[in-house]
Amino acid sequence: MHTYSENKIKAYQQENENRARLLIRCPDQPGIVATVSQFLHEHGANIVTSDQYTLDPEGGQFFMRIEYECPDLLKKKSNMEKDFSLIADKFEMNYDFMYVHDIKNVAIFASKEPHCLLELLWEWESGDLMANIAVVISNHETVREMVESRGIPFYYIPANPEIRKQVEEEQKKILEQYDIDLVVLARYMQILTPDFVKEYKNRLINIHHSFLPAFIGAKPYERAFQRGVKMIGATSHYVTDDLDEGPIIEQDIGRVDHRDDVAAMKKIGQEIERSVLSRAVKWHLEDRIIVHGNKTIVF
Amino acid sequence: MHTYSENKIKAYQQENENRARLLIRCPDQPGIVATVSQFLHEHGANIVTSDQYTLDPEGGQFFMRIEYECPDLLKKKSNMEKDFSLIADKFEMNYDFMYVHDIKNVAIFASKEPHCLLELLWEWESGDLMANIAVVISNHETVREMVESRGIPFYYIPANPEIRKQVEEEQKKILEQYDIDLVVLARYMQILTPDFVKEYKNRLINIHHSFLPAFIGAKPYERAFQRGVKMIGATSHYVTDDLDEGPIIEQDIGRVDHRDDVAAMKKIGQEIERSVLSRAVKWHLEDRIIVHGNKTIVF
Amino acid sequence: MHTYSENKIKAYQQENENRARLLIRCPDQPGIVATVSQFLHEHGANIVTSDQYTLDPEGGQFFMRIEYECPDLLKKKSNMEKDFSLIADKFEMNYDFMYVHDIKNVAIFASKEPHCLLELLWEWESGDLMANIAVVISNHETVREMVESRGIPFYYIPANPEIRKQVEEEQKKILEQYDIDLVVLARYMQILTPDFVKEYKNRLINIHHSFLPAFIGAKPYERAFQRGVKMIGATSHYVTDDLDEGPIIEQDIGRVDHRDDVAAMKKIGQEIERSVLSRAVKWHLEDRIIVHGNKTIVF
Amino acid sequence: MHTYSENKIKAYQQENENRARLLIRCPDQPGIVATVSQFLHEHGANIVTSDQYTLDPEGGQFFMRIEYECPDLLKKKSNMEKDFSLIADKFEMNYDFMYVHDIKNVAIFASKEPHCLLELLWEWESGDLMANIAVVISNHETVREMVESRGIPFYYIPANPEIRKQVEEEQKKILEQYDIDLVVLARYMQILTPDFVKEYKNRLINIHHSFLPAFIGAKPYERAFQRGVKMIGATSHYVTDDLDEGPIIEQDIGRVDHRDDVAAMKKIGQEIERSVLSRAVKWHLEDRIIVHGNKTIVF
C-alpha cells in the first residue's frame, strides 16, 4: 500500500508542478482584487479558482484564496514572490504563497483508540490524502503494528501530566527530525503545554468528540447520554491554550435515541469523528483555511 | 381554512373511534408483554403497533407503547380500564390509556417572532396537526391578525419579570377556560414560575434556538456567531424549573459558514426551529413520548 | 401581513440602492478577472462577493458572478453598462447587469395542493422572499382565499390538455399585464406547450416531487412506495420541453421506512418540496444561477 | 489485528450465549403477540426488544422480530423450537430462530476498487462487524495484500462474461468449503447467473453506486454528472435476477455541486458507498431484515 500511495503522490506532484495558491488577508479597501488579478495576469498565471470574503462588522477585513496555474512556475516563483511583496506592502497584506507540489509532512499523535488514525492512514493509502505521513507518535503500543506495517515510523512515548514537559521535548525532537508541517491529534487525549501549542500555532489540529461548545472537556459521550440529547457530534479545531476553545474547522452530527447507551453513542460518534477530522485535515492540506481570531474562514 | 381543518379533524376522529394507545412504565420483570398482550386479546383488541424499551443500567425500567383497535371501544373502555387496573397493580405500573378521538386542546404562547406560531397554524390548517388549537396568548400584538383571521381566540397579555405572577394568573384562567391539555411556547421568550411549570408538568413544550446544551440562555445565535461554529441547531424540550435543562424531545441542525452573520444564522435557524417544534408537538399529540427523569423515550 | 411585507421590501430596496450583480459567461482565456475587476475599480465600485468557475472538459467555459457596491449607482449605471460592452465584445461575453433594487415580479401557478404556494407566501410575508408576488393563477378555486386574504390578485383558469392553447393565452395575457419576470409552478401539475416554455426560458421554475431522475413523470410517491426506496426527494428545475428533464437547481431528500405508506411519504415529501422550491426561487431572485446547457451553476 | 478481532468476537459470543432472535412472518390475525409472548414467558425467556409491523393494504401480513434472553438457551433451544412449531402451524408462520453466538461466515467478492472491501475489513478489525470474514474472492490481484496481511484467505479468479459459468463453479466450491452464510459484493462489478443468485437468495448483498432507481446500470457517476444532479447516492440491496432491482436495504446521499467533476463525484460517492454497505451488512448480521416481495422490512 505504501508504494501505491507514494506513486499516487508523485503523480500528483508532477501534475501540479505549475499550480500554486495565494492566501491573502488585509484591511478591506478598493482595488485589491483588481491589483492582485492584474499581477497574476502579468506574470502569465491563469486563475483556476478564486474565493474572497469581507468581514464587515469587525473592522473591514478582506480575505482571499486564489489557486492559479503558471507555466514554468518553479523557475518564476521567487521572482513573483519578490514582485508581490510591493503589492503586499501597499495593501498591508498578510499573505502566503503555497506550492501544490510541496507535499506537507504530517505527524499523527495517537493514543489507544485507533479509529481516527486508521481513517487518515486509509485515506492516505487510497491516495486521497495528499500528504507525507512522516511519523506516528503514541503513548500506547496498541497501534504500532498498523503503523509499521504501512512502512511509517512509529514512536512509543508514554505520557502523563507529571512528565508533560519531558515528553514534549522528545516529541519536538522527532517533529524537527521529520521536518513536520502539521501535527494531527487523532484522539491523543493528552493536554499540551502552551509552549508546544505556540510552536505549532495553526498547524495543530485536534478532533473533539462532541459538538462544541456542548460537552467541553472529558467524557462527552457519557455526558451526552446523561443529558438525553437526540444528536451527538464531533468537532475538529486548531488547538489553542484554552481547552476545546480553538478555532473550529469542521463539525458534524449524527442521530441517537433513547435506545443508544454510552457504548452505542461511542460507535456512532466514531464514524462522525473519522469523517470530520479527515475533512479538516484535507482542507488544511489544500490551504483552504484562514484563521482569523478565534474563527476559521474555510474557502 | 378553519372549516377545512375542522372537517379534517372530525373525519380523523370518526376514523379512529375504536383506536387507543396504552402507555406503560414499570420495573422490568418477566411476563409483562405476555400479560398485557393477553389482556388486549381477551378484550377483543387488535395490536396495531407496539414499541418497548428496557433501560437496564438505571434499575431495570420497562417502557411500552401499544396502539390498538378495538370494536365498540367507547362502550368497552371503562370496563377495560377497570380490568387493567388489576394487572397494573401486580406489575406496579404507571400507565395511561389515551383515546385517539379525544383531540387535545392546545394553547400557544407567542411573542414577537411569528415563525414557530405560523408553522403550527399552517400544519393545523393543512390537517396535519391533529389538535384543537383553542387559544393563542401573546405579550405582543404582532400576531393578533394572523391568529384571529383563522378564527382562533387571541389574548394580548403584556408580560415582564416584575408582573410575572399576575400575568400567569391571567394566563391560567384562560387555560382553564379552554380546558387546555398542552401549552406550546412558540418562541415566547419569558421565564415561567415554578408554580406554572409544576401545573403543566410534561404538558409544556418549549423551543430553544440552539443545539442544547450548547448556548443555554439568551442570544444563542449571537454566541454561536462569536464562537465560530459550523452548525447551528434548535432543541424542543419539556419545560422544567432549570432554564433550558428540561427533557429533550427533538433536536436538529443546519450548516452555516464564515459568510453567515448573525442575521443569516437567525434565518437558517428559524427553519430548523419550525420543524423541530412541529415534530415535538406532533409526537406529544400522538402520545409517543414517555418522560423518564430528565430524558424522553420517543416511541 | 401584506403591509409588513411591503415595508420590508421597500427598506431592502433602499438599503440596496447602490448594489448590483454582474453575471458573466464566456470562453476561458487569460486576463478576464483582471480586466473585469479593473473595470469595476475604475468606476468606483467595490466588490462585495465574487465567485467564478471554469468548466474545463467541455470547452473551457468561464462563469462569474460579482456582487458590488457603487456609490450613485443609479446615475452611473447606464454609463457603466456602455463602457462594459467593449470588454464584453473583446472576451465574447454573455453577460447581465442585475440591480438589487429592481425587485422581480413573480407569478405563481398553483393547483389543488397548497403546501408549496403557502410556503412561498409565508416566506414572502416574513420578508424573507424579496420579490413582488404579483399574481397567483390556479386551475382550482381551493387556494383563492389564502391568496386574496393576503391582498394578492387571484385568477381561476380551469385547465386540461384539450384546452391547453386557449388556457395559456389567458395566462400569458395576465403575465404581461403584471410584467412578470419569473413564473413558479408550485405543484401546478399541468404540462405547458413548447411556445410557453420558450417564452419563459430560464424564468420558469418547477418543483417535481421526486429525486430526479428517479421517478420521472406521474405519481412518484406511489412508485417510490412500490419500489421500496429508503429515501424520497424533491427536485426544483427550470422547465424545458422534455418532461422533468430541465436544468436542476436544487434537490433534497428525507428518510422513509417500511412503515411509511404512500400517504405518509406524501407528508414527508411535502416538507421537502416546500424547502427545495423555496431555496430555488430565492437563488433565482438573488441572481445566483447561470444555466449552461442542461445544467446549472449556482453561485 | 486479526487476533484483536478474534478475541472481540469470542467475548461477544460468550456474552450472548443466552441470546436469540425470533423472526416471524404470517397472515395478520388476532392473538399472535399474546401467543408468542406467552410462549417465551413459559419457556423462561425474557424479551429484550420487540418490533412488529402489519402491512395492511397488501393483504394483512404481520412481521415481527423479537430478541430475547433465556438462561441455558443452548440446552433448551431444540425443545423450544419443537414446541414453537405447533404455534407456527396454527398461525401459518414463516419463522426463523437465530442464535447470536452463531457467528455468520461471510465471503466478500471484490474487484479493483478497494474502498468498500477496506471499510468492511476495518470494521471487522475494530470488532464492530460481528462476523467471520472467511474468504475474499476477487477478479483482480489488487487487493490481495490487504486481505492476506490480515490473515484472511484470498482467491484470485479472473472473470468475464464469457467464462461466467465456469468462474461461478470455482466460486461456489470455495463458498461451500468455507460454509458461507452471506456473500457481499463489495463493488464486484460482475453480473451473476440466475443459478448463483437463486442459491444465495436473500444472502447476497450488493452496493450500487447510485441512488436507485436513478442511474440503474453502468457508469452512474458519469451519468449523474451529465444530468447535473445536486446530490449523489448509493444503494445497498439484495441481488435478484433483475439488475439493480432487488429489495433495497439502505440508501444514503451526499451533496455535490457544479464544481464537482466525475472524479470528485466518485470520491464523494465512495464515502457514501462505504457506510451504506457497512450498515446493510451489519443489519443482515443482526437479523434485522425481513424480505417481503421486492421490499425489505428493517427492524
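All chains are identified by letter, namely A, B, C and D, in their written order; residue positions are counted from 1 within each chain.
Assume a residue touches a chain if its C-beta (ideal position, glycine included) is under 8 Å from a C-beta of that chain, and two chains touch if they have at least 3 such contacts.
For reference, the UniProt names are A, B, C, D = Formyltetrahydrofolate deformylase.
In this text the structure is predicted, and so the values were computed from the model without any measurement.
Visitor: So which has more C-beta pairs touching, C-D or B-D?
Guide: Higher contact count goes to C-D.
Visitor: Specify, for the interface formed by the sequence copies subunit B and subunit C, whether it is same or different in terms of residue numbers shared by both sides, with half as the dividing line.
Guide: Over half of the interface numbering overlaps between copies: same.
Visitor: Which chain lies the greatest distance away from subunit A when centres are computed from Cα atoms alone?
Guide: B
Visitor: How many angstrom lie between the CA centroids of subunit C and subunit D, rounded to a whole number?
Guide: Result: the chain centres lie 43 Å from each other.
Visitor: Could you give the separation in Å between the centres of subunit B and subunit D, each centre being the mean of its C-alpha atoms?
Guide: So the centroids are 38 Å from each other.
Visitor: Give me the residue numbers in subunit D that touch at least two other chains, ranges are fine.
Guide: 49, 53, 259, in rising order.
Visitor: Could you please specify the touching residues of subunit A with respect to subunit D in the complex?
Guide: That would be residues 1, 49, 114-115, 118, 122, 126, 128, 145-146, 149, 259, 267, 271, 275 of subunit A.
Visitor: Which of the residues in subunit A come into contact with subunit C in the complex?
Guide: On the subunit A side, the touching residues are 30-31, 33-34, 37-38, 40-41, 44, 46-54.
Visitor: Which part of subunit B faces subunit A closely enough to touch in the complex?
Guide: Spelled out, the residues of subunit B in touch with subunit A are 53, 55, 57, 211-215, 227-231, 233, 247-253, 257-259, 261, 294-298.
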